[in-house]
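Same chain, two partners: chain A is paired with chain B first, then with chain C.
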Partner chain A sequence: MSTENRRKERIDRGIKVRSDGLYALMSWREMAYLIAPRFILIAGLLALPLLMPGLYWQRVISIVCIYAIVAISFDFLAHYVGLVCLGGAFFIGVGGYIAGIFNAYFGMPPLLTIPLAAIAGGLFCTLLLLPCLPLRGVYFAIVTLMYPLFMARIIEAFDIFGGTDGILGIDSFSSAFVEQYFVVGILLVFLFGLRRLVNTDMGLIFTAVMDNDQAVRASGINITHYKALAVFIASAMGCLAGACLTHIYMWSGISQFALDFSILPIAATVIGGAGTLAGPVIGCLILVPVSELLRDFGTLRIVFYATILVAFILFRSDGIMAFAKRKYEQIERWTQV
Partner chain B sequence: MEILVYGTINSVSLALMGLGFAMVYGISRVPNFAHGALYIICGFVTWTLLQKIGMPYGLAIVLSLAANGLLGILMYRLVLIRVRGMSISEIISSYAIGLAILEGLRYGGFRGMTYTLPVFMDGMVIIGGVPVDYHRIVMVVIGILLVAALWVFTHFTRLGLALQGMAQDERAALMLGIDSDFMAMLAMGFGAVLAGVAAISILPLGNIVVESGYHVLIMSIAVCIVGGLGSWMGAFFAAFIIGYAQILSVVFLGSHFQMVVALLAIILTLILKPSGLFGQQKELEDRV
Partner chain C sequence: MKPDTNPKPPMLRMENVSKTFGGVTALSHVDLDVHEGDVLGIIGPNGSGKTTTVNAITGFIRPSGGRIFFKGKNITGKKPHQIADMGITRTFQIMRPYYSLPAYKNLVIPLFSPRAKRTGGWRGGGNLGDRKTIAIDILEEIGFERDSYIPFKTTSTLPTGYLKRLELARCLALQPEILICDEIFSGLSMSEIASMVPLIERLQDDGITIVMIEHRLRELFQVANRVMVLNFGEKLVEGTPEEVMADERVKEAYFGSEKIEEVMTYA
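Right after this comes the complex of A and B.
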């Protein structure tokens, strides 16, 4: 039988249809079907620090979570608000420096500096990005890509905040477990919080701004206000991640504005699945440990992940998450045409 | 006088860097973020042909330019053609290719200060009390000749007119029988060759280092944004504005500010007038 006479059809699984809506409460099996993926993600993330052998890999888990927070903020901005922000490093750097300044110069404890860095850093980033909000598409992408480089050069040129040496002598978290559970917890809160947010009325407006901003404007809604709000949410998340990074490494410096922090979260989003919010987390869980494993190969690991990135963009542009979701919810079979 | 002479030299070298980027974006609307990588790889290919294989300088230059053009064409044919029109995928995939090339070169052992290309001509001349070596003069001449040649090419040859037609309106060009994918591929090839020309005329002034690939990318984006994306004459004039601004900032503020000026120019231009000084796009397309 040649392939011309056949086609593949996809049908929703019975249990998926049954567990939509209120009918999910019919039986334990249907409820388990709904809860399983979320439970596996939460339990898996919470168990990770316990399962890791040695301090080195536990540290890797913290870094994974920090990248994942930046990645979901990128995913939220790009696929729910339509602002493609290539400046993840800008948020990380601003948050890191604010936490560093408050801790090293004013002696505040990490528990105080991290929320402070999130709020103040979010406001600072939103204020700086405010003039760029009317820009669209590639223009917004380029201007946000330039911001972290600009900040790094400013700090270098004016020799402020320790110049090229950075701020040294910053407090760390009280113990390794506090550090890991803190970032894992924050990641989970942000992940599920954002999933809630995009389903509220406000999330509807965000999506409308992405799809057709003129129509939103015609409805008497101020789009700049909503864009600024979305940028504040995303940048506060990025700054919080940056503040955690500063306290983990006990140092904040120019390299926090490096392109790595802009590119790796985007790569994770592409690989994990754009527009799914959980996808970027999965992408980070794969990419960051792989790049740690390849550390012995030096810069070859960057070549490696750049190649994976291009391959995913070309051949699997919907990402792992969409693929997994399809397998979980639908059956595939060949049928005669 | 020093400012005038070195400002001109700096401006022309910026224009050389930016022309390739402007040409690719102008014709195929692909922001080629691998531009810096193409620049550096051309330098290393020339160095390899010259020092390892021992070819004459002229032959090495011609061969490496051809190889660079081929690389650009392959990049378009294999990767970029599939994501054309999706601006974010274009940026990410071309940047990833550039990253792979640059870091691959670094892994391949091309690092340190040992890689230099010979200058075209030795010696120097005094212009208005400022010593300038011949190579810098040759570079300025190459830059100006290149712009003139591009102008003639796009205005008077069949192929050039086809490319220009595509830059103006791709659909109309398609209707008139211009194969837009083929033209975009050629544009990418030309862009890569232009990056190579820039590399070969600028690199003999210093060492070939992988890091300058990122620098070149940022400078060419700066030039193209200020001049207006897609307008390569705009890019040429913008190169003079940024070039002089950089030299002035170095003289009066310090060498750290060279990059600050370029990045500030990008950000300010995008905020105040996103279509750039000579941009042909309608204002409405860039802004809400």
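Right after this comes the complex of A and C.
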């Protein structure tokens, strides 16, 4: 057909309004254009446990979700508040131990220990990180990297909470099905909850603290208060993930303070796209299964792993999510002139 | 204005304030009174302690000695956000907007502060439910064209003139009682400065006490009714602009051998 009375036009051009977060929808097709990516993510995550062959891969999905929760908490803290926290393992370990203690020693059911671990663990982590809050950038990163090592050595040296053996005899979820849908559900709630939080006025203050903390102080706002609040949100998420992990493995021990829980979420954030929140989830969906597939290679898998990471940093440094978003916004359609 | 014509206690009083950084004395024994409705200019050569004075008043540094009072209350050593909460706001010499946000969202942050909630924001807008509308109202008042796209542009793409205004707007959003402007004219073109002077005069009419650090003496002397001259961290002279201009020590320290009238003309 001729192009005399038709032209190509980007779909998003018509529906984006000057103020962000506002859309002018004219048709169901435009509505579908906005909903489709969110729908694919939600439906995909909910369908994953059903699609996986066998218990082993279903368990991998649970682990993916746990890493993903830690990864979005890292992404929130690093790219919306400006606190690069390398202590993901600290949150996981604290949450895991609290859930383990309350389950094994006091006989509380998982449905009680998990929220308890989130709140109590969040408060504990925030309290311990409080002295570091005036630090910025790489200094905060280095200090937070020490916390998990510090906790692991304390438990080992004082031989508390089972010492190097860890806490044994912890209840599992009632079934594998419950376990998977529980963690998937939590992940989705956190993902869309954080997305909503960063767009509120409070989220704006978090961004402002990242951009320019001195100006926020000059605006009469106590930045320590807001930083502590952000750390509480992120650490409560991490502790909740740790509590789930404890109940999945029916064990909590000092390997929950291992560096893996700090590093893998960051790698996933790099691959998925920093500052997108959904990106880290996608990153975890790639990285964790890859690491399982490479398990046969033994320690050599670190080499493959590092290669993938380096390749991403070199060729797609803005991450999968930013790339996909750009491509999605460039989709065009024919319109009548 | 003569010092004795104002019977009320000073709005802001610095008593014997000193600050040393290691061996460097940035401020030594500075006394200063700012009365309500004053426009006080602080001038002095580079490194004479002007910005240190502002930092000491607004709590960004803790003075090594001396005390600072705001309306009779001792505010020495209080945190910056506490001092801003009391009503002393400042602009920064090196502008500190939130570069990644759109311009109008820069003002949503001060409007979120406890002080703005108490006072109802600039000109007592009262209902802070719609912070974005109030933010754009303030920006319009300060010289952003309301119906243009400029308030919605990302801050990092704005020219210096707008960034300086944004600094001022951030302070105004807090309903300040004392506004401290740290070199608000520097880096602006002549026409931009010409449009800023009436703005400062308007703020003065609104009853805001203003402290200005400035190198552009001609514009400063237009609006200021008192001037303090600092040199090597010490107060050299304080008085009306005419007194300061006539003072021999000021000419010696600040302008070297040049005639002050020449500097005034070409500055």
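Assume the second predicted complex is superposed on the first by the 305 of 337 C-alpha atoms of A that agree within 3 Å, B and C clash if a C-alpha of one lies under 4 Å from a C-alpha of the other, contacts with A are read in each partner's own complex, and residues count from 1 in each chain.
Everything that follows uses one rule, which is that a residue touches a chain if its C-beta (ideal position, glycine included) is under 8 Å from a C-beta of that chain, and two chains touch if they have at least 3 such contacts.
The shown structure was predicted, so the numbers you read here are calculated from the model rather than taken from an experiment.
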- Just from the overlay, do chain B and chain C fit on chain A, or is there a clash? fit
- Query: Looking at the overlay, what does A:Glu156 touch: chain B (first), chain C (second), both, or neither?
  - Reply: first
- Task: Have a look at where A:Thr207 lands relative to chain B and chain C in the superposition and call it first, second, both or neither.
- Result: second
- Task: Based on the superposed arrangement, let me know which partner A:Ile223 touches: chain B (first), chain C (second), both, or neither?
- Result: both
- Task: Using the superposition described at the top, determine whether chain B or chain C touches more residues of chain A.
- Result: B
- Query: Which partner does A:Leu86 contact after superposing on A: first (chain B), second (chain C), both, neither?
  - Reply: first
- Task: Based on the superposed arrangement, let me know which partner A:Ala306 touches: chain B (first), chain C (second), both, or neither?
- Result: first
- Where chain B and chain C come nearest after superposition, their Cα distance in Å: 10
- Indicate the residue numbers of chain A shared between its chain B interface and its chain C interface, in ascending order. 214, 217, 223
- Message: So in the complex, the part of chain A that touches chain B is made up of which residues?
- Response: 78, 84, 86, 131-132, 134-139, 141-143, 146-147, 149-150, 153-154, 156-157, 213-214, 217, 223, 259, 263, 266-267, 270, 297-300, 302-303, 306-307, 309-310, 313-314, 317
- chain A-facing residues of chain C, complex: 58, 60, 79-81, 84-85, 89-90, 92, 96-102, 105, 108-110, 112-116, 131-132, 149, 152, 170-171, 173-174
- The chain B residues in contact with chain A across the complex are 31, 79, 82-83, 87-89, 91-93, 95-97, 99-100, 103-104, 106-107, 214, 218, 221, 225, 253-254, 256-257, 259-260, 263-264, 266-267, 270-271, 274, 285-288
- Message: Which stretch or stretches of chain A touch chain C in the complex?
- Response: 18-20, 201-202, 204-205, 207-208, 211-212, 214-223
